[in-house]
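Note that chain A is present in both complexes that follow, paired respectively with chain B and with chain C.
After this line comes the complex of A and B, so read on.
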């Protein structure tokens, strides 16, 4: 069968092909629209709101008011506008999600390809590190570390989350690098005298790009969930800063769980929408890049 | 034709496939008919639609494909039959021998279970009767000790033996037509000769008709009665095999036949042998130890080392082409790896341009790399699909530290050198080129740093014959113009004959015969060389019918258990004819490698046996 390659009528570059398959995917459209909407909301809407999340003066007259034309999402116990709070939380969640995803995929790509390409002792050492990190309960460790980084930038929290999130991808990257290492073009490069790190940069990483892109996308939602989880239990974002996690935690504690459901419902919906849209995009990307998937193909 | 309904008649067959770039017409307007007992060879280059034609007949087209026209089997229309009805015919009346024997048998069932299954799907027979028949079939296809072989698992069989099993499976239900899609492409010539013999025997035993799809005109010349020549989905010529090969009426057919290198063709003109030695190997060895488990360092493993390269003597002079030939597994690739790695061998000595590689410093090694380059077999695999041509060609230059402006100039120069256009091709990716163009890019890349020695690892075996000719011509021209030396590794002896000046025949990690191309290819004295040469098919049905073939027994042993004494004795055709004393000598005395300094050297105790018999 391999002898029987059918010549296409018109050559299409791979990037164009992937884009076309991606756009044809229904999930890509849904996810893309929702995510764009959320990003715009988080970063543009606050300028048009009368309330700032930094307005910390309690306003007991407006305590625990349900959604109304003045406060679309209602207010909390001390009269803060929940919409402003939620948007501030969403900003942080998105930022943490993207930073953590980029960093963790970056670490995974570097470490995994070094282990896979060089093999031998560096491979063994890296594999041991990966396995040790995998058996450690990362949630607990982050929880223990978090008091130390409190008060500093929440980007640091993103880095800590990333530091415990790269191992599984690194293992996949390592095995990919192992197989790419034996490709003839890599062998040819070696015989040309190309330096190992140049080979990794020019041949290995670009050929794993599809995996890395998909992985980074899916890591965004993973990191957002991790941050929310940590914040919910009080280890992540600390007051006066808010995140979707802390908002949900406050909203679900005590009697407000049933008496003022808007407190947790709105941040909750935002969280679900964010994670869902990012996952949709990731899935669509995987289908578009994977030539064997029939979802992106024209029927 | 007077017969009312031929066994198979195909009329106006069209197959179209959807693709991302629009509809592709894979087969357009194919017509032919086939009678019992005849063998039809469908030949063509890749993309000619030959496989699609046979798939359409068997109802095995991909679901998205549409086929129109008519395929009548014994007067019954097959096109449009449902999968259920087709399944009743497939494997029963219409049998298929697939291309790749390695992936066509289920690894978890024994050979016998799979044969019995094939029979019991279509016939009402008891398991015991089917098993008895399976043993008969294995015997028919020439598997020794079929009583034992029937309970073996596929992994215990070599590629050639698995292909025999697949043939047995195909003839199990006495089919009317056997379809064979490139049945010998994955096999070595020696094994190919065995398998083609099995086909002949099987056809004789069943009186079936056969459709053999192949790109190899030599195979068609040897086995087919009629030929169908296809190109880009069209049938360009059809007719009796003798007529088509002797007087092709279509231009393309004539070109195709003329382009096939022939083992009885002319030799390459030898250059004046200069004294300057480019490469020298003396007793070169590379043994691989079985891997030590890190977790259990105290547990010593007592596996035999793999003797991949086991004593090679080799001299290549400036401006000359030296060809290493042999079956797969003979150590050709390990030898060139050993040379390209520029590292100290397990034993022996390797010198490039007069420098011993085991004494090189890292910096010297880096500089030496520029003088030795390699071109791989499959340009699809050896060019990074993610890089445009400009970057591919600049890669060696960048590694050698050239500046940007110099690089750009050299890249354009290189493209012109191999017959491509810098204006048109620089920005494109390798996937946008045809196989031949890709191989030109790979050659251009190898030439980038003006090397003196180029290692060619099967440089044309992944290409169609008409493209092969162009690449071989280019390589010859570059050699004359730039004074290059080539180390050519190939299993295709006809190609070797066309281009090389000196030839070394490898068997199990050693050169068993070497000398000038004229000596080795026309007067082979090692029994292995003789067998290898006789197995190469010739694209001429008349010659092919009268040729006498030396068919080797069995398969290549592995490099972990090389036979004692002469390593070839387990398959040697001369060995079986020797008296007791002669055999003893072969079993106990190693004839040693063929030396590079002797004119025509051979590693055999009884070289006269090849011709005397």
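After this line comes the complex of A and C, so read on.
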């Protein structure tokens, strides 16, 4: 083999590879575009609208007007612009979704890797707690807690949603940590006297990063669905605050379901698009990280 | 097997007790008396609260003990402010929920498995893409939106045909002896909401599809093809059974989701079942009813996971050979 024929090969790091596979994935593009659009709508559009969600003065002359050039989404019973309301609800739902997802994945990573790495009694205790919390649907538990947190900040609602949403991921993290614990480099670090929590931070968690990122993404949509569902029943966001869930609850109650469908259809479509775009991104990420998947690979 | 059953029953007990304690802390039954127009005397309120064992002046663990010894004698307490025994109401409500859920759930599982299998066999064909996208949209649609949209669609259909085809006002309106057609008209829309909802066809089909794809690449199917079976015959005689194994365990996890989804469907279509009751009980600060509902839900979830273990053993010869049930 002559020397001239060897072309220099640029090494591709795993992160670059995953990024490339992610960018090539059709769902990543669609989901990314929709989500960016929704975030811009929620946080930028309100500055250009003549109506503020805080304007609580009723305007009965404009009561229950259908969508028109002045009110794109129509108005509600007391003449509030529904677009402004929906955007305010979207802001809250997005924020709750992101906070709850980050916290819940964070709890899962911490608790799961502690159980898996240390084993022994801490593993047994954590496993029992997970088992107990998995018996009842978390929606029911959060609904029972909700009267105690009514009237407080909606961040607290996000935290409570997260507090009952980490168990399944923690189980997966635990079994991953169990298998990583016996790898040579972890044992080497242990014999070198590295502190356990440093090992977890520097050796265990980075090796699960892909799982955790996908989990956090899919938790965003799960948390948004949980929040809007709770708000729909009146267990979540309380008036005068609005969420997409409360808007749909008001819009579908009584005769307005059929007489003024814009009241629930617009917030509803917004909600579906939000959850759908996050799910698209999460699925594309999973495909990009999964080496066996052909989607997004070079064809 | 029996030891596992015992552990599951212990979990039910712990989860129900924790729910009772949690509900006792977060809910305030005494508040109900503050909003009444005619004020009762303080002693009357106190004796009322004692009747339902929800007096906040009694220490929490004393209340818990009273409740627990009642439960041990089969007495679940009374529904708050009505004097009706909870156990009676529980049976009635469970019947309503069962009649609402059974058709929809069976259809959702069967259709979901079917769609998933077809999707896996026809991977990357047009119909697979279409069913994937439809499943994505359905999974992203909260059931309260879906159910309301179906109600709206039913109303439009009724107006369009000039006669009432679909009802969305409860289980029946003439009485328990209502004819089959009337019952079907009342059942149609909520059943559709269950089939298309979060624990419905889209959910099962996605998992069945990926379980099936795992099986498709396996050696034993290649052997089956090599000995001359057609693609479809190889699937249905050899592949499907193996691909159903993960679904058995999976269904147990779905059970809780199914019940949560049902509470939305029941409320929107006005069926007075368990889900609707759970919501009302929280709104009425009915601690005893919540504990009873939680207990039943925990029992059902644990029973379905036990059933999943049994099914797993029945479908997977390796588990049977090992003599114990692995999760």
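Points worth noting:
FYI, the second predicted complex is superposed on the first by the 288 of 299 C-alpha atoms of A that agree within 3 Å, B and C clash if a C-alpha of one lies under 4 Å from a C-alpha of the other, contacts with A are read in each partner's own complex, and residues count from 1 in each chain.
Keep this in mind: a residue touches a chain if its C-beta (ideal position, glycine included) is under 8 Å from a C-beta of that chain, and two chains touch if they have at least 3 such contacts.
Note that the coordinates shown come from a computational prediction; the quantities given were computed from them, not determined experimentally.
Contact with chain C, but none with chain B, is seen for A:280 once the two complexes are overlaid on the shared chain. When the two structures are aligned on the shared chain, A:221 is found in touch with chain C, with no touch to chain B.
When the shared chain is aligned, chain C comes close enough to touch A:264, but chain B does not. Contacts of A:153 after superposition on the shared chain: neither chain B nor chain C is touched. Contacts of A:252 after superposition on the shared chain: chain C is touched, whereas chain B is not. Of the two partner chains placed by the overlay, only chain C lies in contact with A:141; chain B stays clear of it. Looking at the complex, you find that chain C touches chain A at residues 11-12, 14-15, 18-19, 22-23, 25-28, 136-137, 139-145, 148-149, 151-152, 155-156, 198, 256-257, 259-260, 264, 267-268, 278-279, 282-283, 285, 290, 294, 297-298, 301-302. Partner chain A is touched in their complex by these residues of chain B: 17-24, 26, 46-47, 49-52, 99, 182, 185, 215, 294, 340, 366, 369-370, 372-374, 376-378, 381-387, 391, 395-396, 398-400, 429, 431-432, 442, 445, 449.
Put simply, chain A touches chain C in their complex at residues 131-132, 135-137, 139-141, 143-148, 221, 225, 228-229, 232-235, 245, 248-249, 252, 257-258, 261, 264, 268, 271-272, 275-276, 279-280, 283.
Here chain A touches chain B in the complex through residues 1, 3-14, 17, 20, 124, 183-185, 187-189, 191-195, 198, 202-203, 206-207, 209, 297-298, going by the rule given at the top.
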